[in-house]
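Both complexes shown next keep chain A, but they swap its partner, so chain B is in the first and chain C is in the second.
Right, the complex of A and B next:
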């Protein structure tokens, strides 16, 4: 647009203006919603984090007090630790599992691939509330099938376990449910990435006597790197946001063992009405996610 | 020939490996289907079957008592709105019906609004040159990478200030503002040759005609993907609904079920009936438009 600026005559300038006006008119409806209900709240989130804000009175400026309280808040550190634990456990498993599933199902017939893709996506579509309800039943200590399977069928448990009410197991159960609801999208992405791998390279390698393992690691894996990177970033973000499971199953308990940052924000902002404090936590969460995404991108690009 | 023979055991081994993997994946797929099976059969079981310590794998008799319970628990007017100073209220129906209606209205309106705004904005971002394009695009990408829930607190206060709190608009508007659809349709519009648009302009069509008659028909598959994606996501956007909606007649179906859970936490039959009501419609929609949906996911990921 800027090249040949010297030779711009009036007509050209008018055309550029026209294009600008047309572009902004096309963008206008979206910008209204985007600026008003995404960018403005984002700005307000940072802004209000410096205030003591609650319902029904003017906000009071308190500088960095929210952040100082936050770093001294024991529950915040527990929540941070649990959240990171969820991320560290679920992200690699999700990625590895979905890549394995995709590499197997992509070799099947088109109909079978599509059927499996659907099945693995179902828990996402079912919706977090319905999924949570049914898992709640399955984990129940009297009527749940997990205790039945563990005690009566496999005989590993000698007495029923209160899965969600026991500090030792609750977080593990949450992670298990989270896993079933997070592999859907990566599998879809990997299947399409595997379809797009340059077939002639794979064939050439096979002619030269490469095993299927070698073909996978030397040829397909590097070509799927951008997809893997994208999947890493979105699964990380998703794991950080895990909320409905916790709100409906454990409310952060027992004894804060399933308290995550997302739930703690909810608890502070919408149960205790500490808006400023909740926002400060939101800012910290956003910063953590931004740093992690940046690291993943850096690492991916170096490879 | 000799080389071929030496390859045979390796091929055999990989075939065995592949078969084992297939069997494993079938088993895992079965466990993925199981919760859904459990919801649907559970919603038709009698109380004794639900509360038996040995699971009843298949209901011995199909009863509708759970659905009847669900329908009789709460009630709400079918619709109500104010027009010309009068308040028009529909007939009183079970709240679950109203919740389902609310959810459909919410999902459809956010879908339509998102598709329209995103198609226009995506076209402008892909085919137009204007000042501030780079900045706008990087803002969009940044917003997408941030957790949506972080902005919920300011959003709640904004909606209260606008008087939209506890109305369906408070859930619809933020979804429309979320830039994923724009990103998707920008990618899609870029695949359309610019010559097409230019030829249309040279033939004398104005900007709006160029968009509606040439661009829009060509990005239809992309719009379809965007539509189904938005529909499913807004149907299941529980956190936002939880914060924005409160009164019985404004709840969505998933929120309504979650609320009932608070009061009847071990009446699993009731909860399963509610869950079936919340999930079966959206699963059917997903299965019908599955192809578009898959396309939407993969297209949104091509970031380069």
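Right, the complex of A and C next:
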């Protein structure tokens, strides 16, 4: 009897082990790529940030010098300030605007909802170069549509504004373009989140005399919280990683007024070949994004 | 069943890894064996491998039609008619992302075998970093006297086999200048301004004739910065770098005063949102009446859009103008594979040594040859008009060390000048800041 029990346990253990091995083998190809293309580059980024690494020679270990230089670099602080400004302005506006649009179009007919979803999603699927070039034309100092409207049609401008060439407006223009390309996905997500809200709860609240605003805040909003949390995180990360717009429109100018950390990393790593310095900035950026994402998750979970 | 699937997966993984290793071994074999070959054996093997198939890569920046597929395929067909064993795979680059692509490839150990570009990249950048092959052995003595020094590194190695060159100048809308009575301030035969003062009189005349934007100091990025550099140093009469190409020297009272004059001039706008390509576009579409970045290629590329008579000009100077020269040619990356290096050298020699083939090679660039090439002027009639600028070619200082950072410092300096009060003192201070940063980069 005991012998049979031991034999049974061994067989069971073997089966479990075999299943585990099979599971790991199935995971192996993914793990292989995850380690090779995510973990290893991340490790190398941190590792290289302690070196004076450049093209054509061996890396030189310099300890924390890159980080010390970084915190003394005036342009880095400007880039950090600009990046945070982009995040602080664009994330709440993107979320609020997306929710507002979604709440309106979700009440429309199916065809109209689909049409508006397509319209707002269009900038997301359109190539960023094409979108940026159109905006560049619209902001053109000499024959752009904004100056034409402001000066020749509405008469509110005395002279044309060099939107992308003036420190006072350039970052605002970048944020505006970023908003138009950022709202597509949140709108689509919010529309489906609103569709998934339990209608019976809303109807019950309305029967009990709740206003539409109360129904929204007390019933719909809590149910949309996971979606909001996801949107907050991806919009924050996208805003932190704003790069193509800067590269195509301003190269960080005028006078670094549109310089972001992502562009400054690119400039140092790929223009000046200061790989170690660029990686040090990448580490700092990753830490900032991680902290903010953690705060957002924490806040979202508490809600 | 699970066992079989798991075994198959493990097997696939092991096989794929083994395959990778096998490929690596195959590819690295020639590298490890090459140094061991004796000269005698090399001679015999060279004869045996001369016809062995070799695949090389050619990456080319947009130099005229060298990124036009039909043009390049025609040149490759000529080459393969003589060397059928050498396959050339072409990748077309642009000036926005080209450097990133090449640098990423270098870092990944996948640099192209041949790159077509100029000395600022081939010599001052990749050559100085020891990444390029010395081409001295294939440069015929005395053939490229006018440009070979610019293609040679500080170590004496030739890192670029020059193909073509051009003199960068500026251009004016001749029709507008004529209507404004401003042609009196320049010499249409020599393509020069009578004096710096006359240049400003001409700008004022065009402005007074109702043209708000006569020309623009573009500084939204580094694209076409040769124009603003030449404009300011010619007007001011200063230099940009020292003769040894070891340091930048543009922060001088003369250059600051020259820039201050431009800052104060009606009709000259500082535009921090555009680069040379935008300024050229604005010139072509009639928004600007002059372009501070212009060469024969710009006229050829915009021939259909130009609705007025373009007059190419030297930059205004009180002495002989010193114009920027562009030189383009082939560089070969040292990828450690002798067979590929030899094939690359064969390719660039083929493209540049025989007169008939060289004519086609240069014609594809839209520029002018860097050596005697009888009859080439008939290929492109505009060449005669633009060649009046050639004797004014100045120092090729683009090979000064720290060039990449120096370019960024230059346009950033112009942006800061735009925000300043425009006085010579303020401009000199900004120039000094930029120059110091550039020289720090030059010093390594």
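As a working rule, the second predicted complex is superposed on the first by the 295 of 303 C-alpha atoms of A that agree within 3 Å, B and C clash if a C-alpha of one lies under 4 Å from a C-alpha of the other, contacts with A are read in each partner's own complex, and residues count from 1 in each chain.
By our rule, a residue touches a chain if its C-beta (ideal position, glycine included) is under 8 Å from a C-beta of that chain, and two chains touch if they have at least 3 such contacts.
A quick note: this is a predicted structure, and the numbers were derived from the prediction, not measured.
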Superposed partners chain B and chain C on chain A - clash or fit: clash
Which of chain B and chain C A:119 touches, first, second, both or neither: first
Touched partner set for A:104, first chain B, second chain C, both or neither: first
Touching partner for A:130 - first (chain B), second (chain C), both, neither: first
First, second, both or neither for A:243, with chain B first and chain C second: first
Partner chain(s) touched by A:272 [first = chain B, second = chain C, both, neither]: second
First, second, both or neither for A:291, with chain B first and chain C second: neither
Touched partner set for A:204, first chain B, second chain C, both or neither: neither
First, second, both or neither for A:64, with chain B first and chain C second: neither
Which superposed partner A:96 touches (first chain B, second chain C, both, neither): neither
Superposed model, chain A: greater residue contact from chain B or chain C: B
On chain A, the residue positions that both chain B and chain C contact, one per complex: 19, 22, 25-26, 29, 142-143, 247, 270
Contacting residues of chain B [partner chain A, same complex]: 3, 7, 10, 14, 18, 21-22, 25, 28-29, 32-33, 35-36, 38-39, 42, 50-55, 113, 116-118, 120-121, 123-125, 128-131, 133, 136, 139-140, 143, 145-158, 173-174, 176-179, 182, 207, 211, 232, 235-236, 238-239, 242-243, 254-255, 257-258, 261, 266, 268, 271-272, 274-276, 278-279, 282-283, 286-287, 290, 294, 297-298, 301, 303-304
Complex interface listing, chain C residues touching chain A: 2-3, 5-6, 9-10, 13, 96, 99-100, 103-104, 106-107, 129-131, 213, 219-222, 271-274, 282, 287, 404-405, 408, 411-412, 415-416, 418-419, 441
Chain A to chain B touching residues, read off their complex: 1, 16, 19-20, 22-27, 29-31, 33-34, 36-42, 44-45, 48, 100-101, 104-105, 107-108, 114, 116-123, 125-131, 133-138, 140, 142-143, 145, 148, 152, 180, 185, 188-189, 192, 209, 211-213, 226-227, 230, 233, 237, 240-241, 243-244, 247-248, 262, 265-266, 269-270, 275, 278-279, 282-283, 285-286, 289-290, 293
Residues of chain A that touch chain C when the two form their complex: 18-19, 21-22, 25-26, 28-29, 32, 55-57, 139, 141-143, 162-167, 170, 247, 250-251, 253-256, 267, 270-273
